[in-house]
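After this come two complexes, each holding chain A, first together with chain B and then together with chain C.
Presenting the complex of A and B:
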């Protein structure tokens, strides 16, 4: 009888593991790509320091009433109630929208017309015109405000003097609710038309001249070419101008603040949303007509945020429709 | 690039980022002053217009061992509030303007000058020290300039209206508010104004009574916004507006400058510091303006104060330097270089300051305003005075611009501050 073969199953504990080719131990991504992370870190550091932290702080701030120096008092949601029912914010919102419509809309139309005229081939002195149009953009707002105060002052302003010469009664520009809005809108138009014109000029330069040439050969006139070639081709530029113009228009602050010497004008007619917030921050540049309340200012900030989100959503909607078309 | 170089490069980039983010604070412009030695290192914050131009030189002479930096910054309140909130980044000495009482809530962060050798030895006009005391009576601020009210006018215009051009004679003839109203009515008949804006009349009316919106009773603040004194001053100013006796041009506006330059406003009631805007508006070569006592009696407002903070552990040295900045020597420089009217009575007899000014036809405007400052009994000011009075200014402006009912506008402001006690 054959002796059974003794097979010994090798014990795993006895035998060293086969030398399988193991991959190098992977280090965490943060360590492996530290240079890349370091390269992009400045934005995140700045955003955290000046965006995220203040945002979180603003949430906490909006639940207290605090003049910035004495002990804060917890008020829950009262500051938001004050924003919604106090009346001030609605006045500021309406003012902002009206001044936006009176100032920003003519700016876009005027800048487009100016850009089209200045981009005509063969125009002599185009560079000089472009420079002149852009000059107000690099002029100090304070200097502009002083000039506009002199132009539109009620009893002694040049505009009323000129109106008087042609028999028109003096207009109380800076002493009437509508007058103040008109002057602020004129300041915006005068100052920002050049900036948007430069953007439109860049957009116009990107349009292939062959399109215009072939349309001309087909017998299209200047007006027809403008509406059927220039405008459609400029659509991305127009949308960019609309988005940036809307955001800056809704954040209007400096022009009314310097024009009205820190005041808000008759019947608060120059009070914009940002102006309202700065007033309650107790800032030295905001006049001293209200007692500072950082909590209320924070709540106003959130209200402005909501308004801007709505405006941005509308802009996005227009953008989507435009792309589809 | 070896590993060490990489690490060093990364550290440099990170360092540059940190510097860039905090650069505003680290690289803020400031001008050095004072001597350099073993003494303490002190920082002074002041608005450019609230400290003399030679302050650094005077400090270097007075404190040769100290290392003192004078930072002239416009938005001092914003920075000071932020520093007090954070409890860091504070100066050792700060000049504070008309809103001094706003800081009383944290007055424990300011040193009490009486604990550092200051005594009221009569060097200042008597009414000006009290506004620098907190609610506990600690002397946390010393005065560096004040605003005595004067009646500024054109002598030639007064003579055309049948009034004397001489300051003393005019003061005698227009000594009451009724006299002033009669003068204003006559000026209107000649298509001129002797009132620029109602706010000056209103504040002078309060200053003459030493009024404050919040008073203290047994150490407790008491609201008295709706008081007979306030109402009387408001009504007087509002009536002048309603009767078209004020031009409605507030100082520090282009319209005010035009009204003065075009001889429409030929007189106005204003604080001494308004000379700074009158001269350029009227033309420096003008010789027809004069200044005299105001109708209804003398009145003044406190201006800026110097304070010392203890946060940096230099309270003792800061108090000493601050007291020097409020001394007659430093205040004389502030007047000569910045036109800041001094509260130090010793200077009211200084021949250099009493010299006649060609702009005022050789009259010493300083002597007249010094008489007003000395004659004032109590200062207008206190808790919330800047904020509340500017709301009444808005109300008066609204009566002028929109024809709003003055009583309605008054009650609205009273309602806004009905619970205010600081």
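Presenting the complex of A and C:
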């Protein structure tokens, strides 16, 4: 690594002008720029090995039935048929969508309201509020699940005891199908609202204050200005939040898995798509005993991939339509 | 891909604007009322943290007393003692520190290097390679866990930290972010000057690239540390030896052993596992929050 100026521009500096440039002189790009290619190569190598190859490998795996130990059996397209008609995947899909809606909609609305309130000029303690709302983001889902499990436990949970003080019968939060979904949604709300609030704050800071000023002079109140200036101007941020929220929301696994102690909850109400895949992987984390079937799990993985791509396409469609209007 | 860049664009576009001077008179009226919903939300958001502290410092009888006791107690020492007895907690803490430091260091190094190269060097295929990288950010390849698990098994990586360190070592998002930062923060003249002084490829990166990217490196590091520290799915799938467990797994183990018997013990462990990141976040609060909108792509 001695002469950098020479190595970066060999054909300019160190080669004396020759009457007939031989093809050998201009070395191939890969040789001339080997340092650059080497420096950026880790991403491409790792993405191929652990991103693309697994997708292809999953296709092969999904044509077999295999518990991981005995000889795999070739079953053709049966695993995909099982995904589509077996009922389990649709249960998991519906659970995922329901929990996503119950969690994500309040998150977006709450984060937006908090950001609007916190962006008022001269608000005292804005930094403290922001820090407090963001703090759950840095705690691990396992820690959150431990705390929420105790908050919502049946007889000794503080939530039920507080409800009892005002005369409400204890709610079996973690033992009813809806209760489980509500608690998971609350965990998501508590953990991610502050994160999206910060993104909305960045979006709000980009809105030209002159717009608000002229609207105020025209007699528009705070509510009208919110719906006619703030919301339309925030559209790119809102779409961004929805895209990132759906991609992570549809991969929900840790919250139900930890909250339900590795089980899937009453009538499988906490069984999400990723959870279903892990369950058939037959690993220690899968809790409830099912016969492991790596082929079926691989087919489930592909189904999740397709669902996510469809959701992303829908998001793009919404984005395009809202741009036109 | 316009989507990932959006908030960043917004911020840069916002900077040249004059400081806001909205008419203050209208706001004064409701000035104090704003604090009502904010304080209410603050109490709700702080309560789980507070409850964690209360339970970690009480014993079971105090928690189950009626009416419930809502102030921290004095039992943290004995609770945490049981944590140490009942689970490989100290191992797990050390393991988590090790995995987090190594994984984050690799991610930051590869992201800064590749981002700097993409921003400041010209070579055939550069723009196509970068476009491909951006496209991969929209592909949810992480959902195919079975084939990844099989690949790790074939490589002999099960029950080791390799699956937690290697596959995610070069983050597309990190490279994307570093490239943006390098384009904006490092002038070409600085590179030229370094080259004229005889600096080689590596020294240019060390003495021009790294210093120019330091703010972004700090923010990205905090994000990756947060992420690696709390990672759950892959440690759960690949680690079977409890001595190799990271903190989230050790907490699960603790919950299994004590959950029905003594929740205060579980809470004491949870509290200790949570504190390092809370402290880290409070130290780097400004850096993290001002860069959180860029960090959103991580998802």
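Quick notes on this one:
One rule holds in what follows: the second predicted complex is superposed on the first by the 284 of 325 C-alpha atoms of A that agree within 3 Å, B and C clash if a C-alpha of one lies under 4 Å from a C-alpha of the other, contacts with A are read in each partner's own complex, and residues count from 1 in each chain.
Following the convention adopted for this analysis, a residue touches a chain if its C-beta (ideal position, glycine included) is under 8 Å from a C-beta of that chain, and two chains touch if they have at least 3 such contacts.
Keep in mind that what you see is a predicted model, and the values were worked out from it rather than measured.
Taken together in the superposed arrangement on chain A, chain B and chain C clash.
In the superposition on chain A, contact is made by A:290 with chain B only, not with chain C. In the superposed pair of complexes, A:154 makes contact with chain B only, with no contact to chain C.
By the touch criterion defined above, A:263 lies against chain B but remains apart from chain C after alignment on the C-alpha atoms of chain A.
In the superposed pair of complexes, A:46 makes contact with chain B and with chain C alike.
Once chain A of one complex is fitted onto chain A of the other, the partner contacts of A:146 extend to both chain B and chain C.
Looking at the shared chain after the overlay, A:73 reaches neither chain B nor chain C. Using the contact criterion defined above for the overlaid structures, shared-chain residue A:35 touches chain B and also reaches chain C. In the superposition on chain A, A:298 makes contact with chain C only, not with chain B.
Comparing chain B with chain C, the partner in contact with more residues of chain A is C. Put simply, chain A uses residues 35, 42, 46, 49, 146, 149-150, 156, 261, 283-285 to touch chain B in one complex and chain C in the other. Looking at the complex, you find that chain C touches chain A at residues 3-4, 6-7, 10-11, 13-14, 17, 20-24, 26-27, 30, 34-35, 37-38, 41-42, 45-46, 48-49, 51-52, 55, 63-64, 66-68, 110, 113-114, 117-118, 121, 123-126, 129, 132-133, 136, 138-151, 166-172, 175, 195-196, 198-204, 226, 229-230, 232-233, 236-237, 240, 247-248, 251-252, 255-256, 259, 263, 266-267, 270, 273-274, 277-278, 280-282, 285, 288-289, 292-293, 296-297, 299.
Chain B meets chain A in the complex at residues 6, 10, 13-14, 17, 20-21, 74-78, 81, 84-85, 99, 102-103, 105-106, 247-250, 252-255, 258-259, 262, 264, 384, 386-387, 390-391, 394, 397-398, 400-402, 420. On the side of chain A, the complex with chain B involves touching residues 34-35, 38, 41-42, 45-46, 49, 67-71, 146, 149-150, 153-157, 172, 174-176, 261, 263-264, 266-267, 282-285, 287-291. The touching residues of chain A, when paired with chain C in their complex, are 1-5, 7-8, 29, 32-33, 35-37, 39-40, 42-44, 46-47, 49-55, 57-58, 61, 110, 113-114, 117-118, 120-125, 129-144, 146-151, 156, 158, 161, 165, 190, 193-195, 198-199, 202-203, 205-206, 208-209, 212-213, 216, 222, 236-237, 239-241, 243-244, 247-248, 251, 253-254, 257-258, 261, 274, 277-278, 281, 283-285, 294, 297-298, 301-302, 304-305, 308-309, 312, 319.
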